[in-house]
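Multiple structures follow.
Next come two complexes, and both contain chain A; in the first it sits with chain B, in the second with chain C.
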Partner chain A sequence: MAHIPVDLQYTANKQSDSRPPIAALRNVSKVFGSVIAADALNLSIAQGEFLSFLGPSGCGKTTALRMLAGFEAPTSGDVLIDGQAVNDLEPYRRPVNMVFQSYALFPHLNVSDNIGYGLRQRRPRLSRGEIAGKVGRALEIVRLTGFESRRVWEMSGGQQQRVALARAIVNEPKLLLLDEPLAALDRKLRKEMQIELQDLQRQIGITFVLVTHDQEEALSLSDRICVMRGGRIVQTGSPQDLYDQPKSRYVADFVGTSNFFDGTIDAVVDGIATLATRSGLRLQGAATAGLSVGAAVCLSVRPEQIRMSRDAVPGGLACTVHNRIFLGEHTEYLVQHPALGTVNVLTPRLIESGDMSFQTGEQVHINWNPGRALVLSPD
Partner chain B sequence: MTRSERNWLLVAPAAAWFVVMLVLPLSVIFVFSFGERGPAGGYVPAFTLEQYANLPARFTAFKNTMILAPVGTIAAMLIAYPLAYQLAVRTDPKWKTILLVLVIVPFWTSILIRSYAWIFILGGRGLPALLEMVGIEGVRLIYTPFAVLIGIIYGYLPLMVFPIYVSLDRLDKRLLEASADLGAKPLRTFLTVTLPLSIPGVATGCMLVFILLMGEFLIPALLGGGKVFFVGNALVDLFLQSRNWAFGSAVAFTLIVIMLVTVTVYMRVIARLQSGRDDVSIM
Partner chain C sequence: MRIYAVCVYLFLYTPIAIIALFSFNAGRHASQLQGFSVQWYARAFKNPFVMDALETSLFVAFVSATLASILGTLAAVGLQNIRGPARAVFDGVIYIAIMIPGIVIGIATLIALVTVFDVLNPLLASLWFEGGQPPRLSMGIGSLIAAHTMFTMALVIVIVRARLAGMEKVLTEASADLYATPLGTFRQVTLPLIAPAILAGFLLSFTFSFDDFIIAFFVAGSETTLPIYVFSSIRRGVTPEINAIGTMVMVASLLLLIIAQLILRRRPRS
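Right after this comes the complex of A and B.
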């Protein structure tokens, strides 16, 4: 999220709420034999937004995307594009284009013929001049001008990726679907392409739906993220919402990193829940809706919310510094608590400087503001 | 041993094979074709162009071969393509192997025996008899060019199906999805993606079948019944029956030259069609 000011992103989300949905899934399920690949998916995709499906391998992301593209028909439920149910509409009739994971460029066509492929299918036909003009602009957008007559296999991975992108956006689809488009690239190139993707999306204003299992990629690119698990959508929200208000341990774990402590709720006072761990410790965190006294829960504390000091503090936990990892602007500590195990603490350089730096083996006390920790359902 | 000596050693077996299998027999034929028939048949050394001057005597054989070989190749290709397409693209993977084996099974028995079956089917008591029952009389099928064509297609179909099947099976199915995604209807996808990408298989199949057909003699002998004969039949006659080796050599050499010219032109055309692509090759 380095390059998006936080307040700007919130306004973007507010806008997207008022925009009409360009596509939607209504109770969509897809069953392959005995596998439920998509389980009652409900989702509205707003005009112009950048939405990501995020989840581990096999959770049904590609299946969801392929139903939007028209390669799979839902077993039940409706896929809507522009308010119309398109369940049985063939892919070639949908105003939707897809960037395939391995690009699927046509090996027998050169770069400009690959990009112009969709334009040549238009009826009424476009003139050669029109096609050449649009292809030229698409090449400009992906910064491949001059590569027109190159053979696609003579291009590097990143260049092929950009050709695949150009081949899709040149058709000005209402919805651009991207299935792990950056997975085949090395880390550095992936970073560059992520920024390019985001710039591109802002520049052309097409709705993007991205599939990824890389949480960093989803967090940095998306207006909204759909976290999936076993064919279901478990939570949808902006990157901040998911990070700050995860509804379950699964989401908190998948989006960012967190410390988790299991226990049962002892009491709830003013929205702050006290939970008892099995070892008898009392820990506090903000109660989330639907959890009552006696429920088995999980406390999630983000590493950067934990304060660490040499002096004992009321309600603090005494730990031993186990490991210290210097990360530049942050330092990560792994501290050991006799009952809770290893706790991950992230301290900014600012605080950590001088005598606030802790050494391995040192005795420390950790605590957190209960309002900044979350009591979640344990699954 | 120097590097180049070692290279020579490595190339030697291939070179020997080339000399024994190709250069030697060809040279013999070439030399014989300028000789004369001995009084009791065989070959007598000489240098005369008489044999080549005599070629028009076998014009019909050349004409039949030059018509039926390409027509048979094209007909086999037209039938093999949909078959290979069905197998490679449409068939559930778990049935593919079984169906492929079914395509090969006919190869397990000799073409001689399989052609005899066709003699019966096309002969008087086969199809024509059936046609007579529905009132179509006087149809003659056996010992016609049509019968030979049927035999050719039947005999060479598996050889055509295989290379086409391989090129279609290798085709990345996501390219077909990409094409549909970009707005191409199924027929357009077939014409602009599937077909161009399967050309190498088609080219290989056609070449294999055509070359073998140019030397075919069994099928015309059985289904052409002496009325429709190929250059191959003429050669059998000249070498085995009338024992005119000199004239036989001239006929054989002419056939080889015609074949070389045709295949060279054909390769040029295909290479141009596929120009600049490294993901395909002919054969």
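Right after this comes the complex of A and C.
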């Protein structure tokens, strides 16, 4: 993707926060019979950003995307594109293109006819030369030059995926919608395509809205992530915000991995809450807004925030090393605490060297900086 | 079990084989073989009555199959968007149309058309301008085409519907997403993808109409199709010429059916 043609170039200004929203959802709900697939969604999508909907199966991600594309009309609320309510605008009138999970390439057309399909619908008509030129440049972007007259079913999954991408971006849509575009690819290819997708988005500057249930994919690609649950958006933020400041256990669990300890708040001093677990342990973490003494809460401690040592430390918890998993630059330990159960600890290779390597069965002490652990609402 | 199967096949195909065999008989008698000859085929082709009947049959088959393909395809595509109980009713009606015996369709069409003509003809005559000769609706090639179209349209609907059901809905969505209007989507995506089914439906309809005797017998009026000609000449005795005609009709029909099957078998790759 080294060479990007001029007419697809766009200089995205990701620094500016005053970018006008290219699309927005205003209190959008969608009900299918008795299922509320989307529940009062509110969201502004900024020009040029890479936004992801992240959530488990059935949480309404596809429904949200299909309302932007125009395949579903919202039951209530407004879908805005470029400031205009488009609730009842047919899909073929929306300046939006979609990459389908199954690619949905036309089996009776070859690669370049598939890519040129959208261009051929334009009125007034584009000349053959213009269409061929744009198709050629799109093929260049997805690195499929030379595949023009191939049959789409003769291509590999990754190539089909690129044709689907080219078929969408060649139209220079205001919004590119991608519904789990990489789900059908194997792990290695998926990684490659993730990088290509990100490069592509940066270079052509089209606003991307991606649907995925793969947190790694969402974290590595997006400028912003909407975490969804049961038809609702539970939190929206940058990958780092969601990782460092999840507002609920659900988000902390869905974005990255974490250790969770249930308890009730005993005291809050200087923003640090002490909570009592059912077994009487006292644990500390940073208090988050809206939680008061006596509330049932959940303490979230990321595995990499936990320190482990052979010597007892004040406030430390004595554990037994249960399992040691070598992960290259990290080592993951599963340590067993008599009351808390299994705790996940991730130590970087740096510390791992020499006598800081722990063996299975060894007695260790774990602790964490209370400021780096979060007291969250338990749901 | 195997013997039973062999008996069934023998019972089914021996008469057909005999017809084909005797069509090459050099002699005049239908019961004893007297050497090989294709003279009866030549005779059939030179017979003006046979050629007239063949022409009528081909014309009726072509027109009714064309109409059935167009109307059946439109109906199948339209039915796609109907859901729920209404859909079940439509489906039921279509299957019933296929399963009703030809003789019932023949009689029913005859009675219905005669009744309608009885009402319309006086009406036309009274409304027609002074002095002119009012047209008289009667049984004939039109009623024959109509009856065949009606029956074979159900065949086309079933075949095209199966193909539509196998076509991914996401393809029409992708087309709409790429700015094609509903009509554009139909022309550029749906039609090319169901074309093989339409062609197969056309061939089956053609074969059906070309071979049909029962319905034609009731509604053809004074028109003579090939099956009607064969029927009426058999009453004067079976000649090798009839055998030759039968053999040719059979081979042509089989070929069309095989082609239709091959078209339908070819799986769309995706």
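In this section, the second predicted complex is superposed on the first by the 364 of 379 C-alpha atoms of A that agree within 3 Å, B and C clash if a C-alpha of one lies under 4 Å from a C-alpha of the other, contacts with A are read in each partner's own complex, and residues count from 1 in each chain.
Keep this in mind: a residue touches a chain if its C-beta (ideal position, glycine included) is under 8 Å from a C-beta of that chain, and two chains touch if they have at least 3 such contacts.
From a predicted model like this one, the values you see are computed outputs, not experimental measurements.
A.B. asks: Given the superposition on chain A, are chain B and chain C in a clash or a fit?
C.D. replies: Pair status: clash.
A.B. asks: Who does A:122 touch here: chain B (first), chain C (second), both, or neither?
C.D. replies: Both: A:122 reaches chain B and chain C.
A.B. asks: Figure out whether A:90 sits in contact with chain B (first) or chain C (second), or with both, or with neither.
C.D. replies: After superposition on chain A, A:90 lies in contact with both partners, chain B and chain C.
A.B. asks: May I ask you to decide whether A:112 touches chain B, chain C, both, or neither, giving the answer as first, second, both or neither?
C.D. replies: neither
A.B. asks: Can you give me the overlap between the chain B contact set and the chain C contact set on chain A?
C.D. replies: 69-71, 90-92, 96-98, 100, 102, 104-108, 117-118, 121-122, 153, 167, 171
A.B. asks: In their shared complex, at which residues does chain A touch chain C?
C.D. replies: Interface residues on chain A, with respect to chain C: 69-71, 90-93, 96-98, 100, 102, 104-108, 117-118, 121-122, 153, 167, 171.
A.B. asks: Please give the residue numbers of chain C that touch chain A in the complex, ascending.
C.D. replies: 168, 170-171, 173-182, 184, 188-189, 192-193, 268-270
A.B. asks: Would you tell me which residues of chain B are touching chain A in their complex?
C.D. replies: 172, 174-175, 177-185, 188, 192-193, 196-197, 276-279
A.B. asks: Provide the residue numbers of chain A that touch chain B in the complex, in ascending order.
C.D. replies: Within the complex, chain A touches chain B at residues 69-71, 90-92, 96-98, 100, 102, 104-108, 117-118, 121-122, 151, 153, 167, 171.
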